[in-house]
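Presented sequentially are two complexes of chain A, the first with chain B as partner and the second with chain C.
Let's look at the complex of A and B:
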């Protein structure tokens, strides 16, 4: 489900250091780290190793990685660090993020609020396909959605999870599935496990 | 007032420095002018004794102003005639034909901070930026590189504004461009307007400091670019051959022949005058065509580009 005819659906890429950058920050969602991944990233980022910080979020504290490694407990710690440290980031900074889509876009949003532009950020998807879903009816975000149809956390409507994506919200669109025939809910698939 | 062009009347002419003339223009009909945003320019049709000049000038009046537009014109020693005409012949009460305002250099509204670098008369688009930023409260800095004696010339437009620094060519006074660009916070947009060599230096320094290209904006002066060796151009659709003189542009020669050619900036920046090239080899001087498009040899910007030699055949 990483590819779609819906053009708003983001695509992701392999991370590689942008040698035009002057400082580099790699943020990784710990649960998406497979064996050998940090070693591979250490090789990939070797050309910028002395200008690189790596934030491991919820990873085993024994992990070492490329550049100077910092351990953060949760996503919210990443968001706090961005929100509190505007002056530390310059126009030569580059941000690289690996994780699930809700993680990628939460980090991107926090970075863009302090000024990171799209050309300074690389996103690499890894791990679960779970989605954040935005209800078009009550505008509530439902987190950790793995099913093709999900009850909205706000209004309880059954939402069909679309591929239409909002970069502003970091969420996919959810639309009431049984608006025209109340109660007619098709079989639910575990589409985004 | 609604038409392809506007008729303006010169309401005041003031020499603010030996080579700088300030001109205030109002609508000839006495009605209101269309509003223009920060960074906008107008194109003036200046009817000289021997020929007609069309030059683009940035508006330095407050954005949105509708009673008058203001421009500041530098007298260039190598002037093709437009700036010389304004300095020598333009009189209060004269009427001038002008284009509607265009804007190829607007500030980026989503920027967290605006960093402006001006070279000499390249300050003019930034005078309207400053007027907007004073109103909007945006975070900005303006660095002006100019002659020492011209520091205070622009005081009427920047009075009371913080964040403006002047630099000139003397020890301790020069602008350290790499140092400036290395310390800008994320979310900054950079704007540069000055002589070509300075623009190039700033753009290169930004790239070296890791600035993404989409955060770097440049406005070039086009006027010095249009002269060169004389050549001929055949306009295939019109069946007309025109001689392009040494001191005129291909676009001006086309207009002189009475053929209507679209244009906006007249400086190789906007791409509006892009014309299919059927035969001949062009000397490209624009900032629009990609290297691949130049290589293909099928397109030309007649406002600045010329023939490498002999004859060009245009689909016009």
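Let's look at the complex of A and C:
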């Protein structure tokens, strides 16, 4: 994870079961699972194993993991499940998420709608540093951004990807890089691979 | 007291905005010393201060009508400049009441408020003479106004407004009317906590400024508003320097030369006040913007000289953050001609009652 002096930049943590929780849900973005990670999580979550469900998103279907394991194909399936789950979760429940930053915040936002507050959620960043970028000018979201400057998927302007982050949008701010001197675009770096 | 409004002036296009001599003399010049650095410069918002603008809690000046029109133009182009999260309705009514009561008490020739009672359910009648508005409505019933109460009253006020909800020992920016901002996006920031929306500000976090300020604001009391001045620079007298429209005004920064800097470069001062709201316990945060060109400011010799010194010693991180990098050398070349190096008294007062002639005259 990258460090930033900008205080809107979230910080992430290692996942640890909160023993005070009643039900536990672990949501993992499959592409961020390195060899041995599921085994390590199984050890870590052993104390709550019988109250734990694990949603593996886009992971090889052979993988087993801690608690009762469910395989989901895509992020959108997670969001759909939350949207349908208005009755089943309460204040005592705990959510743990591992994934890239856009994944973490999409899941957090969907969970917050059914009542998961910040104190019930733990986020662990893993895998690519790629970002979701919000265009300040046309408000379009550009996904999977790994470069320091990216053309906006909406208006096409070249956006400098800043560290300023909105949890509500799950996105970083993008600001036109050459507004003051049209066409003067600095070298583009692969900053968030 | 009569105010000679300038209803035709503009803050875009031909930029016909101008300050009268009286407006220059009451400008809230923000630099008491020759150097500037961030501090927790919060003080009680009493009806007194080094400029006339402090005499009334919500200052109305000669630009009132034109500023309200500019806001309407910006909202027409981008309705997202007004946002209020659903739980903020009580704070909306608090804000409407605060503004209507203060404006009608301080400017009886311009505004009047007639109430059949103080509580929700009472019929109120609001008259705004400069804008030609008369509106009868039921206080607490949003359906009796043409739009939400916060939008309604802030369309008739100068300056931007944010409302911060207080919970979990923090402040959350959960509503705003923001059409005259110094390069921050309400659409991006709405719902953020105090530390988050101040995230991009350099140096001040490390100095602990925001922690102390937040602690102070959480204790803010009803009837005891506080204030601070903030500042930046703008090219042309443009209110809408939002990130949304940066592609429109960004190129102006490349247009400044030592010859035109006096006209083009403006000091942009924000009178930021903070008010505890009575029913919602939220905090209203009005940000009232004053614009003066270098040419205006140099007509007060103390201000022209001091601005030269402040800007030439500004930490590089602040030059970058405030977006001055491209034109600061040209502005300083212009200002240096107005600074003889004489020692200046501490304080922001103009120290004169008449202005020197305009450089461009």
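As a convention for this text, the second predicted complex is superposed on the first by the 192 of 193 C-alpha atoms of A that agree within 3 Å, B and C clash if a C-alpha of one lies under 4 Å from a C-alpha of the other, contacts with A are read in each partner's own complex, and residues count from 1 in each chain.
FYI, a residue touches a chain if its C-beta (ideal position, glycine included) is under 8 Å from a C-beta of that chain, and two chains touch if they have at least 3 such contacts.
Just so you know, these numbers come straight off a predicted model, no measurement behind them.
Colleague: Kindly classify A:62 by the partners it touches after superposition: chain B alone (first), chain C alone (second), both, or neither?
Modeller: A:62 sits against neither chain B nor chain C.
Colleague: Based on the superposed arrangement, let me know which partner A:14 touches: chain B (first), chain C (second), both, or neither?
Modeller: Neither chain B nor chain C is touched by A:14.
Colleague: Touch test for A:187: chain B only (first), chain C only (second), both, or neither?
Modeller: neither
Colleague: Just checking: does A:165 make contact with chain B only, chain C only, both, or neither of them? Give me first, second, both or neither.
Modeller: In the superposition, A:165 contacts chain C only.
Colleague: More chain A residues touched by chain B or by chain C?
Modeller: The larger set of chain A residues in touch belongs to C.
Colleague: Does the superposition put A:136 against chain B (first), chain C (second), both, or neither?
Modeller: Second partner only, chain C.
Colleague: With both complexes overlaid on chain A, does A:115 touch chain B (first), chain C (second), both or neither?
Modeller: The answer is first: A:115 touches chain B but not chain C.
Colleague: Between chain B (first) and chain C (second), which, if any, makes contact with A:34: first, second, both or neither?
Modeller: A:34 contacts neither chain B nor chain C.
Colleague: Could you list, by residue number, the parts of chain B that touch chain A in their complex?
Modeller: The contact residues of chain B facing chain A are 112-113, 181-188, 190, 206-207, 209-215.
Colleague: Touching chain A in the complex: which residues of chain C?
Modeller: It comes out as residues 80, 185, 187-192, 195-200, 202, 205-206, 210, 243-247, 250-251, 253-254, 326.
Colleague: Looking at the complex, which residues from chain A come into contact with chain C?
Modeller: 5-9, 134, 136-137, 139, 157, 162-169, 173, 175-176, 179-182
Colleague: Would you tell me which residues of chain A are touching chain B in their complex?
Modeller: Of all residues in chain A, those touching chain B are 20-23, 86-87, 89-94, 114-117, 119-120.
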